[in-house]
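First chain A sits with chain B, and in the next complex the same chain sits with chain C.
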Partner chain A sequence: MTEHDHDHDHGHDHGHAHHPAPLAPIEARVAAIEAVLREANVIDPEAVDSVIEMFEHTMGPMNGAKVVARAWVDPEYRERLLADGTPAIAELGFGGPEGDHMVVVANTPEVHNLVVCTLCSCYPWPVLGLPPKWYKAPAYRSRAVREPRALLAEMGSPLPDDVEVRVWDSSAEVRYLVLPERPPNTADLSEEELAALVTRDAMIGVQRVL
Partner chain B sequence: MCNVSFEDWTGDGAPPRDNGELVFEEPWHARAFAMAVALVEKLDLPWSDFQSRLIAGIADDPDREYYESWAAALEQLVVDHGLATADAITAATPTERAPL
Partner chain C sequence: MDGVHDLGGLDGFGPVDAPKSEPVFAEDWERRAARATIATTLGLGIPTPRFRHSIERMEPAHYLGSSYYEHWVTGTATSLVEEGKTTQEDLDRRAGGHFPLSRPVRGVLEPVAPTQPRFVVGDAVRVRAWHPAGHTRAPRYVQGKHGVIVRYDGLHNFADAEAHGGGQVPVPAYSVRFEATELWGEAAEPNAHMHVDLYDNYLEPA
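And then the complex of A and B:
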């Protein structure tokens, strides 16, 4: 069938303004891959939809923030979290793909941790969702290793000279999460209020002070 | 192994924006991303099976748009596991966008 099979009413405004942008080759290719996988009964559109739904609504830094807040209020939890991240994070109900081997690294007054994936875009999905655009950019991936202090300063977190910076390169096997320091004067806050203070950037390590 | 079922992923709801950024900028980014996750899950593959292809693709063409590298890695995974040939994918390529 061609587009001319439609029963056009040429008597009224055609409304070309409603026509969407042209289909880009890569977009067409992705649609083709989905079509052949559906045809072969390998994956159906609903399975793809449910993954998208999951990443748009269920996974994100609000999960990691809860982990951080729990570690701030519960020293035993903090100890479990730093000893073996994956099961401690699972205690709060977070887990799944890209969260199988979680290592949590704690900032201290002497040490600042920064997470990168130099080869691609490895990221702890269950606790942070999908990475921001800059995390996937070549500049961040190379500079985080080559000149982390300059990068941190540019991103708004200059480090004092006496603070050591440790850079953690994520891989297919290991995903890192930074445990930021609890801000001062927060003794009165509830765990939930504390979680609201925790940012995605602090858990990646590009922000030092909350 | 990355074979935890989706039902195990829990957490509070949030809009599809993350720190003000859209989770996916284009619908096809979301389709390509989710197909790789669903395919690895369905075939019970280690995530590294996909990821090694993504890493190689990014290394080959560092300035290519990220999701184009992702889509190329997905196609390679599909072809390498014998699920479709590149020719079959070409034959299935639409010339206009399907209605939403």
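And then the complex of A and C:
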């Protein structure tokens, strides 16, 4: 073994770089991409600032919570939502990329639903926004399909064995939203008050009881 | 490809670290990375499956050791190089250090034609076990496994073709339900089912 062996070569530099340069900081890598985009006349990254602002301000779990609360107070809406999610969600004004083919799965006393994307990070943007880091990280993606009960117990929602767990791996175009059960003793609450009870985690399915 | 991104069922990653809440972008570079990625895919007309494949081709240790927005940075830069807008050397120079990129494409475009559904809800199917070198949305953990069609989702552009320059070819897609024991054998949890969205081309009658 000599220092010229390629044990440390990560495969990008064959033919040169016997002493690879130190890794560039991530901020500098982002700046390099921005400069290429401008100088090669691909597009000015600032042109899509409005898309980023939508992720920050107008998309998020508050939208999904409105869908859930409506389904709790309006049985006909619930029926439409479960039969064909996309148009029912559009009734409340939500739709667009990563929400064009929505399927809503309902929790019941007998069934619990859990959503994952094992291959990447598919997530229903219009109703939940961008996914949290853990949803995109290997621990969740690897375990949700293999040991969903162990995962749910660790995350605070242990399931009795007589409750079936249904895992939905969003591997194609469909994006999923879990419809949690309405909590007991909420008959007096308004639709807005009900929406305030609904969490992002319940709509992904990692939280069973609200 | 049976890549490091195909995580379903792997052991060893430990507990899920899930804080109760977090900002949409934790740091400014993440926000700028998301913006640059959206700008690149829009500006160059890169279809989503192809962008996903640029991330799947990351060096495995880099993939597992970096956050999701670093994946986007790596896939975006790789796409810009592959589109001839920049080079490895140019990126290294601009970034002032090594800019790791993804490995080359190994997959080839398989001929595919638009098709009509061959299956209906309730049909028993087996997922083909062909383990392609290129992009696919058939996770390794269901290839070769038996399941039942539980939902027909209409025609969708076939990701495997679109990732490799085949354009938009509509094929049927379904939700397929698998028994936990079919996928995980003796390690399966009780009373559990996994559902995976699969294109018609992935399936054969069982």
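Quick note on the criterion: the second predicted complex is superposed on the first by the 177 of 210 C-alpha atoms of A that agree within 3 Å, B and C clash if a C-alpha of one lies under 4 Å from a C-alpha of the other, contacts with A are read in each partner's own complex, and residues count from 1 in each chain.
By our rule, a residue touches a chain if its C-beta (ideal position, glycine included) is under 8 Å from a C-beta of that chain, and two chains touch if they have at least 3 such contacts.
As the structure is a prediction and not an experimental result, all values here were calculated from the model.
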item	value
First, second, both or neither for A:150, with chain B first and chain C second	second
Touching partner for A:174 - first (chain B), second (chain C), both, neither	second
Partner touching more residues of chain A, whether chain B or chain C	C
Contacts of A:139 with chain B and chain C, given as first, second, both or neither	second
Touching partner for A:37 - first (chain B), second (chain C), both, neither	both
Which superposed partner A:48 touches (first chain B, second chain C, both, neither)	both
Touched partner set for A:80, first chain B, second chain C, both or neither	neither
Partner chain(s) touched by A:28 [first = chain B, second = chain C, both, neither]	both
Doubly contacted residues of chain A, that is, touched by chain B and again by chain C	20, 23-24, 26-37, 40, 42-43, 47-49, 51-52, 55-56, 60, 119-121, 129-130, 132-133, 136, 138, 172-173, 201
Touch list for chain C against partner chain A, complex	5-11, 13-19, 22, 24-26, 29, 31-36, 38-40, 42-44, 52, 55, 59, 61-62, 64, 67-68, 70, 73, 76-77, 80, 85-86, 88, 90-92, 94-101, 103, 137-139, 141, 151, 153, 156, 159, 173, 175, 183-184, 187, 189-199
Residues on chain A engaged by chain C in the complex (per definition of touch)	10-13, 17, 20-37, 40, 42-49, 51-52, 55-56, 60, 101, 103, 118-121, 129-130, 132-134, 136-151, 154-155, 161-174, 201, 206
Complex interface listing, chain A residues touching chain B	3, 20, 23-24, 26-37, 39-40, 42-43, 47-52, 54-63, 93-98, 100, 119-122, 126, 129-130, 132-133, 136, 138, 172-173, 199-201
Contacting residues of chain B [partner chain A, same complex]	1-2, 4, 6, 8-16, 18-19, 21, 23-24, 26, 28, 30-35, 37-42, 46-48, 51-52, 54-55, 58-59, 62-63, 65-68, 71, 74-75, 78, 83-84, 88-90, 92-98
